[in-house]
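In the two complexes below, chain A is the common chain; its partner is chain B in one and chain C in the other.
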Partner chain A sequence: MSDEKKYGGMDRRTFLRTLAAAGVTATAGAAFMLPGTNLMVMPNSKGYLVVDMAKCMGCVSCMMTCSTVHHGRSSLSLSRIQIQQNSFQNFPADIHMAVCHQCEDAPCVNACPVEADHVDVLFGNVRTIDPDKCIGCTQCIDACPWLPKRLQFDPESKKVQKCDLCANTPYLKEKGGPGGVQSCVKVCPTGAIAYVDKMPDQDDTTSYNVNLRGEGWSLLGMTTEDMKREG
Partner chain B sequence: MGVRSMGYAGEILHVDLSALKAEKIPTDSYVQWGGGNGLGTKLFWDFCKDKTIKDGRDEKNVVVVATSPLCGTATPSAGGRCEIVGVGFGHYPISWFTRSNIGGRFSSMMKYSGFDALVISGKASRPVWIEVTNGHVRFHDASLLWGKKARDTQLTILTQLDDKNNGWGWQPLPGKKESVAYSTQKPAVMAIGPAGENQVAHAALVHDAGNTSAQGGFAAVFGAKNLKAVSFFGTGYIELADPMAHVEARFRLKERYAPDPENPDLFQWGMLGRAAPINFAGSVSKNSRLQACVGCIMGCRVRYDVGYGNETKCQATAWYAAPAAHYYKGDEKKIGELALKMADYCNDIGINTYAFSSSVRWLEGLYHRGLLGKGKQIHTDLDFSKLGSEEFGFAFLDALAYKKDIGELFADGFVQGAIKAGLEEDYKNGLLNHPYWGLAEHGYDSRAEVEWGYASILTDRDINSHDFNAIFWAATLATLNGVPYRIDAKEVAQIVADKLKPYVKGPECMDYSDGNIYSDDVMQLLRWYIHYNRFWKNSALYCDLRWADLFDTNAKDNVGATADSEVGEQVFWNAVTGEGIEFTQGLEKGHRIYLLQNAIWALQGRHRDMVHFADYIYEKEIVETELPFFMWPCRDENGIWSYSDIRHRKIDKEKFEDFKTRFYKAEGLDEQTGWLTKQTALKYGLDFVIEELQEYDKLAG
Partner chain C sequence: MQQGSAGHHLYFFFDHLWFVPFLAVFFAFIASSFIYRKELPCKNGMIQRHDIYARIGHWLNAFGILLLLYSGYQLGFLFAERKVYFTSGAQQMFNLHFIGAVTFLLGASLWLGNMFLDPKRLEEHAPYKGSLKDAIWHYLHLAGLVKSEGAPTGKYEASERLAFVPLTLLAIIIALTGLVKVLAHAVNLPGWLMHAVHLIHDLSSVVLAFLLVFHILLAAVVPWAWPMFISMITGNVPVEEVKKNHKKWYKELQDKGLCPREDA
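And now, the complex of A and B:
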């Protein structure tokens, strides 16, 4: 049965929003399955990462720091933020920044068969994966609608990981997670990554790419104009 | 694989091109050499069986491409450098064992693929390229790549390796089962262009759009070995000894020293905190971004939307700007565009702009003197009356890269070409300003900025290290623009001297007035400079354009980050490796590396009598420099510090020879020959060199 038929002609997200409007929300507690459906109702994350793809300089310091604070290892493959760069492309298509959207209706959470990928109410409802529960089936990766996928498979542990806004970071001195420090934001030399508590528009595929360039940026000879990019 | 030391990938890859075989060697026994230059020098010593070779193109030559423990980590402005060592090509009179360096992401990918260094020996019987993917090595036929430019070569290889769109999506690696190894990244390829294939001295290795390993002539060595390219691709990781300390130090360094991109101080003094890209051509489009090597604190290059000039910087953007400005008078747009297009083309054909940029002026002079032209003493079909035009620029570069026209004459180097053409006098009198080892002056006259010249002649090449040179730029530009000095001469001398302890006693080491440039104080500064380079910069691989940070106006007290107990070089080194060394212990390692290199140079034929500048440095006072001032801290006869113009002088040969003697003695080298002594070899744990040096009668004492 298609989603539209199952949800009274509405797509899944519209249906969930209708429920929310009717007061059926999970904002005060954990995600729960709506009785009689396969719908997970989950509270919104209290924080999000947004990026400015025109401001990134491709140093991948965010990636190496991300893997370092989480794993104690520096690696691009173990990073939960992914910066793609093609040296032979021209600006602005030469760099693409891929952060987890902490989706309102997170498909990865919905796809997880063992509830390893879950909403962490202790850390601002961030969508995260419990490595002790993860069975490495990668269904969450398949479910992620974005390319590159915003979840990563670690071939050594055979687990999947995703951005937790630095909630579980054994090698980060400060407190991470929503309301705390995000290592990628803090390390970025140009300020191309920002933490916001307002959910970006879930219907706009460009909403996570914002303009973080102030007037000072133009002193370096670079544009401060808005640039819409998907991702 | 044995025990993997913190910060290291764990293995070294040796490829024997003659046999097309690869072997893996545990890194552990080489860890004492750090990485980069030190690691590469020791590997060269072990793998090169005939160290008397005087031309890097000799099949017996061994080239080492080496990373450091910091590569592939977020160590600020150190995560992406890569060192190349071996016998080079293009020096005069002997092509020394030398070094070069390249940025980008080559070293980090090498480590993520499982290797700390690549040792290249032998010579392939036909053109090949090497693919390394997560520890697996394949030799590929490169006959279809031979003749291609560096960009096209890299794109062809990337396409071949990227057949499943790997590198631009979260996809399994080629040949791997799904869900085993994933990456969003692209392989890192280093290639030669036509200049390397034609084995010209000024050929450069090229990686991505704008990273080059240019000085040293290693691209000619690659060409001689029939090695077109090397590609590394890996999904691995680097284990850090103290990850939290590393992250904390990086945050702290950013807070204290990094430029604020939203409020950039364009007149900052120092290295780490510089904000503006290093581009002498000006911006051709505001639709652009800063671009950085792996782990850098601030990008120094730019990518544009216009389709040219991406990642070009510094001298590559400068060498044709002046001729173009002369030719296209007032057409700023055209001049900027052409300067970047020429830089692009240099990267495409794989050529070192430093090798010929000052020679262009010399050639122009020959043309005006009636010595260069059709049917002249040096025949050329190039029309030098059109120097500065787009047409001439491309034709000139093609001549050099393809060994055509005057490119044939200068293929082994400009000094060598001048001598062949009967113009040795121009080399001696400085019209062809190649002061050290037949190599082009970097733009900082050895008679003025003496530490640059001294270090170049007492090592193996243009030292190309801007540690102290940052003072020249800051003070000279301030003078030129009529703006106040951000730090006065006395204060900068004191700040720098404090950084150089215990090598120097005090700020007098920074006094470059005529009477002090042969002093023990300056000699000790020189020793620090060489040791710092050999370890922290060339081996740990801190980037020359950010480190050493001796003074820095981004800090409240103007004191730079170098050697700082919380954010200095050793802090990151220790957080990665767990070695727990002091900053000065790194300098000691640099000393040891330098001593080992002296052993190699001796085997190649070096004697202290050869260690001298071109004649003009001793015989002629400076006539002109690129900027109308050369400002440096100096004391007057009353001991008062000020920034003074230090042009208008020459080096006193006798005093410099005495300076050398004191330098050799301080280093533990023989004063008569400049060679390693047995006593020093034993003292510094270099006993393994003794037998070979004795065999060739090159061990002193």
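And now, the complex of A and C:
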């Protein structure tokens, strides 16, 4: 083009080519240095909570400690683990323990429109919510395929929370998260909650309810039978 | 309740190919630097209004934006719920959004590169002093409310030139915030930034969708726009149409010697 101006000894075409070539080089370099972080196709969590509903006595100590280590307050409403009791049912259906499954395909993570619900690669790929990014749209709660939902809306902060295996626990002295301490496991007086690093069978809806009762349990006159229940 | 490994092996373009949208921008810049455009003379009663590069850029933008709006709607925007709940559905929509983004960025960057090389083209598109008055007068005339045609029209009508500003600004805002969203898949960006970026991206998209409806109505649906709409496909517009409705442009073409003078 005849009217193309020169800038610093460089015409517009040369400038555009130089800029584009530098951009291609920088992007290709960054692609090499920063491979995809699998935020949508997520790596498996390195830890899981499993429970024994036949062992739980419904003391809700796990709920109180969950709230305490995360929020500094003992409130059943702020707990991420949920113990439901039904006085009209007989053992073992009188108690249901609901823990987050740290699902393999985590629908809650995929549902989050603002990447607040994410896979935390710094804490063993635990599925967790960044409260700074959460906008409280509750799409993650809708997406959770389990009942009760394993994510809770905090009406005070207007944000959603979920079990992070104690990764983000300002009121817990020990290191939490996968490979660290889980306060609910630590305080349960009957040992009805356990931390495992092997992923429970994702196609079996009862795989998170396991038998944690040992020999001593039968000595107390209680059953050690396996009891299949959806968790 | 049954869940399983449905999403584990799904391929998300935004995760694995996050660098492609950035490459699309730079490749389009390179392509535009090798494009040499020239105005063609009147031939066989037709005038070239949009050369092949303009048409490629326009339809890449159109296809990309429609794909982005559809997949964006399905994925949920602002506080509207996501329409696809399962991982496979989200994967399809995210991948469609990716294809739309790359297509749009190719078209927009090609256009941007051309504008940079030939700023006179930008002047043709940009509004001028009195655009609003001319646009109102033009539609009043079309509606039969005033007799006078108003000021002679150039290559682009006053209303097109007015629409150019919000459409371009919105496209730039959506593209930039979209690139930040893609970048968030590769590096950890602060929460406040992502808040702002998501809000601006979604709000701008809603406004763009409304403007797009008007653009399609006024540029393709109303009968008087048909000759110009066809020119976005074939590139050419009949000389008679230009003489009648784009008098200023026809005079410019005559002045450049691209069209014969009536008295010649």
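A few comments on the model shown:
As a convention for this text, the second predicted complex is superposed on the first by the 192 of 231 C-alpha atoms of A that agree within 3 Å, B and C clash if a C-alpha of one lies under 4 Å from a C-alpha of the other, contacts with A are read in each partner's own complex, and residues count from 1 in each chain.
As a working rule, a residue touches a chain if its C-beta (ideal position, glycine included) is under 8 Å from a C-beta of that chain, and two chains touch if they have at least 3 such contacts.
Computed from a prediction, not measured in an experiment: that's the story for all the values here.
In the superposition on chain A, contact of A:Asp130 is made with chain C only, not with chain B.
In the superposition on chain A, A:Val114 contacts chain C only, with no contact to chain B. With both structures placed on the common chain, the touch criterion links A:Asn90 to chain B but leaves chain C unconnected. Within the superposed three-chain model, A:Ser157 lies out of touch with both chain B and chain C [touch as defined at top]. Look at A:Glu230: by the touch rule set out above, it reaches chain C but stays clear of chain B. When the two structures are aligned on the shared chain, A:Val69 is found in touch with chain B, with no touch to chain C. Residues 147 of chain A contact both chain B in one complex and chain C in the other.
For chain B in complex with chain A, the residues that touch the partner chain are 72-74, 79-80, 104-105, 108, 112, 151, 154-155, 167-170, 179-186, 208-210, 235-240, 243-244, 246-248, 250-251, 254, 258, 260-264, 266, 275-277, 283, 286-299, 302-307, 310-311.
The touching residues of chain C, counted against chain A in their complex, run 1-12, 14-19, 22-23, 25-27, 29-30, 32-33, 36, 75-77, 79, 81-82, 85-87, 90-91, 94, 113, 116-118, 120, 184-187, 190-192, 194-195, 198. Across the complex, chain A meets chain C through its residues 1, 3-4, 12-13, 16-17, 19-21, 23-24, 27-28, 30-31, 34, 36-42, 103-107, 110-111, 113-116, 130, 132-133, 135, 137, 139, 142-143, 145-147, 202-203, 205, 230. Note for the complex: chain A touches chain B at residues 54-61, 64-65, 67-69, 71-78, 82, 84-88, 90-92, 94-95, 98, 136, 138, 141, 147-149, 152-153, 155, 171-173, 183, 186-187, 189-191, 214, 216-223.
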